[in-house]
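Okay, got some structures for you below.
Both of the next two complexes hold chain A, though its partner changes from chain B to chain C.
Let's turn to the complex of A and B:
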């Protein structure tokens, strides 16, 4: 009897299942189960201190959400941060990819320097920039004053209008290597003949960029831009360590609002509702992502 | 000027421009290192771009007067556990995804893609409660398990890519010679995938090493702080000790950067090929 069971369980067809089991268990316990609980918690008025006393309140959290100015502010901040950090990261990545996509002395070494920001832990990147942006002794203020952009040093992280540009600056410094590498790989798939043909037709550098390079990067662009936006919507560590969402909620993206609502204001149920809205936004974006991939593939 | 001279000048100009950009990109690194070594006060205006004289005092202070050694130890433990745990699970899953095509593997692949969309903050709220109820809260092992789960989808996917490059004939030959399927996998295929294995080990180690958000939420007592959490606690009553903070930042960043440089070539090709192929 036991032998039959063993033989059945060791049937070759079951092997992939056994191999996947450990990963499936870990991911279910740490990722799926909490996500399911999180979505469920959105319908409860649970607070951290009396976790077991939470009551089912239907859609009440979502009703509150719709008239919560902090939620709408946060949605605006999320979109602002997503578009601004994506644009800057992409622009840096593309410029440097174009610079590196030529034969160049010391190319390997220069490429490594360009990737270095990505290697540094996010917390370290944040601390370096907090120090460089220091209101009194910050070296960035020094450069800006010397260059005539500023009359006097400013407190970047204490001003509601300047905290977001500072956050976008550090995000793009830390993240552009990803864009650089993907775009560099994309540039290398564009056949050299297309450039040669354009040059025979008398196209200048700018015209070659517009008519050969950009169309050649289309497939990569669609995916890269969506990855950058999705990452910005999900980003926590960098924003949390840099500003915690402040000043005056100027950098409080939906991710940070979820965290602050749960752990600062202790409203777990309400936080879960906000997090669920974020999840829905991410899902909607990913649908766009998949359709974009299918569309680009069909064109190719 | 003839066209040849123009083109040489243009190349030289672009090279200088590239170097200038590399310099700007590297500047935050430079500033971190310089600030940690500066012997005079950092609180001066204008800031000294080149240090007046260099000292290792800040490094000595953080190891003698701060808990840096404890943080280093805790972080090394969490990162190694994350790495071992994640790699052991990922090699099996990655092999299944690479060699079999069943409903289970298809479903799992879709879940791996889906998991890359999950907002970490929504996971962490219930996870905090689960950890409190199960006694995993404030334990370094618990933190390592959570870190491993977060990096597992990517690690499994990378491992699948590395197995894909090994021809199936290798196992078939071993099975003809009398190996079982699983024996062929562990004894023949896995050693061939060693370079890929090293990448996954290093990548999960780096993730566990750098991680801040889960550690900040799931660890409470100061004795269990990891480096990233300790590092953000450097404020004193009067001013932030920036020289110490930057020295600690260098000590913290160094292993991560070295590991990264060690595996960057493989990691980069693994991460970007998917995006380029679509």
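Let's turn to the complex of A and C:
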């Protein structure tokens, strides 16, 4: 009896499962357990990170959430930030990828230089930008005023209408190397003959971009756009260091709202509920990502 | 329709001289094949004609008009690439219609001509498919459709059959030739396969190391190669060469091979045989001889390859080696000796500088 069981469990088809087991255990302990705790916290009214200290209130946190203007503002900000930073990052990445895909002198060195922003820690990048955007000493204000675009220096991060564009700017600056690398890899999979065939067929530069380059990038585009949006939804460090969600909640994304609610206002249960909503959104995007990858693999 | 002229065309990539002073004229409606071993410059020559590479010096004319400064799209040429270069995200119909759309043709006009072209190539049922859903031969036909649809002055083919299996290659060879004869369009076709070159072309341009070695009709090049390279490159199985030197005797000149065979040179009407350093003979021009025949070689059989209809043998004597294609089936035994003699009218004589010796 025992021997039969051993033989069944050591069946070669089960080997992958056995090999995955240690990783699965570690994942459960450090990832799934905390996430479950977090979701659970959302059903309690608690001010510390322990639901035993609070009172079970069912879906009350979620009821409050649905009528909370700050939550809806935050959702709007998140979508705005996600789409704007993704678009700018993508545009920057694509421009430089197209440039670096040509044979340039010193191409290797230029590539390395373009990857550098990514290597700068987010907080350091933010500090540099805060300094550059400074109303009194900032080089950006100096440039705009000198060039005649502005009459007087502007306190970018103190104005509700300018803080988000500034945040999008620094995010794109910091993140575009990721887009650049992925798009460059995508560009290099497009065979040269396709461009040559298009040239002989009568396509100009723009037509070649539309009919060869963009279709050739379709697979990486799907993945890249999802990664960029997912990243923007999850981003805390950069936004927190730059504006803390202000001014007047103009840059308060869901992740910042979660952080502020939990650690500034000490409403842990409520924050857990917001976090759970964010988790659901991320999950939805991850599923799209998952199926997109399967689709792309099948295509290739 | 238009002829093509290469005038003193040279191309170098940095230090590498890819094409040197090529002068070739291809007549209107002619099927010309550029053939040579890889790296001989044939593809570069074709790409310069397409406008994908710029010549370092010299000039190219299409239809009598210099096209050196024209971009590919203004040269009125269409090209079929080795890997077909179909647009993977476009359907067969969109692939074939692309050159028309790029030239401003309307949707209705394009659809009509795509259908027309698809009929010529037997692609009507595949118009909605994508390239990855097609077999190699079908892709090849789509690439041809994309080339012929706009009725260009010149077709360019860059080793279009090298990605196909042997059987399909033979069929597509015939299809391409038939299509070209039907359309009568000037065609420049690049290949490293000399069988393709001989079977398809009106004119063969044999190249080596960036230079043109010989231009002529296929049979001309086969029968009268100008040097040892062309003689050895064109023809399958390849021509045999016996190295040696001439010795004068009272009976007339003798050829002594490097392997030590002595062979009394027959009178084949060549005046200047004293310069002869090697003799070439095609395997199919060698036949069995009886023992003791004066112009026969005695060699030892080393390999026997029955091909069904004929028997191929490789026979050696020292460093001399001959391959011979003997008609019919024979029970040759490796290790036995054999007597072979060449057909006298089919011999090729080459001087020390590898040039053919002619009358």
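Note that the second predicted complex is superposed on the first by the 261 of 300 C-alpha atoms of A that agree within 3 Å, B and C clash if a C-alpha of one lies under 4 Å from a C-alpha of the other, contacts with A are read in each partner's own complex, and residues count from 1 in each chain.
In this section, a residue touches a chain if its C-beta (ideal position, glycine included) is under 8 Å from a C-beta of that chain, and two chains touch if they have at least 3 such contacts.
Just so you know, these numbers come straight off a predicted model, no measurement behind them.
Novice: Any idea whether chain B or chain C touches more of chain A?
Specialist: B
Novice: After lining up the shared chain so the two structures overlap, which partner does A:218 touch, if you call chain B first and chain C second: first, second, both or neither?
Specialist: Touch status of A:218: second partner only.
Novice: So, A:75: does it touch chain B (first), chain C (second), both, or neither?
Specialist: Once the two structures are laid over each other on A, A:75 reaches no partner at all.
Novice: Touching A:194, do we find chain B (first), chain C (second), both, or neither?
Specialist: Second partner only, chain C.
Novice: With both complexes overlaid on chain A, does A:155 touch chain B (first), chain C (second), both or neither?
Specialist: In the superposition, A:155 contacts neither chain B nor chain C.
Novice: After the superposition on A, what does A:57 contact: first (chain B), second (chain C), both or neither?
Specialist: Neither chain B nor chain C is touched by A:57.
Novice: Scan A:15 for contacts with chain B and chain C and give back first, second, both or neither.
Specialist: After superposing on A, A:15 lies in contact with chain B but is clear of chain C.
Novice: Give me the intersection of chain A's contacts with chain B and its contacts with chain C, in residue numbers.
Specialist: none
Novice: Please name which positions on chain B make contact with chain A in the complex.
Specialist: It is residues 11, 14-15, 17-19, 21-22, 25-26, 28-29, 31-32, 35, 42-47, 49, 88-90, 92-93, 95-97, 99-100, 102, 104-105, 108, 111, 114-130, 145-146, 148-150, 152-153, 156, 181-182, 209-210, 212-213, 216-217, 228, 231-232, 242, 245-246, 249, 252-253, 256-257, 260-261, 264, 268, 271-273, 275-276, 278 of chain B that touch chain A.
Novice: Touching chain B in the complex: which residues of chain A?
Specialist: It is residues 12-13, 15-17, 19-20, 22-24, 26-27, 29-31, 33-35, 37-38, 41, 51, 95-96, 99-100, 102, 104-105, 110, 112-125, 127-129, 131-132, 134, 136-139, 142, 153, 173, 178, 181-182, 185-186, 189, 219-220, 223-224, 227, 230, 233-234, 236-237, 240-241, 254-256, 258-259, 262-263, 268, 271-272, 275-276, 278-279, 282-283, 286, 293, 296-297, 300 of chain A that touch chain B.
Novice: For the complex, which residues does chain A have touching chain C?
Specialist: Residue positions touching the partner: 191, 193-194, 196-204, 207, 211-212, 215-216, 218.
Novice: Which of the residues in chain C end up touching chain A in this complex?
Specialist: Going through chain C, the ones touching chain A are 50-52, 71-73, 77-79, 81-83, 85-90, 98-99, 102-103, 146.
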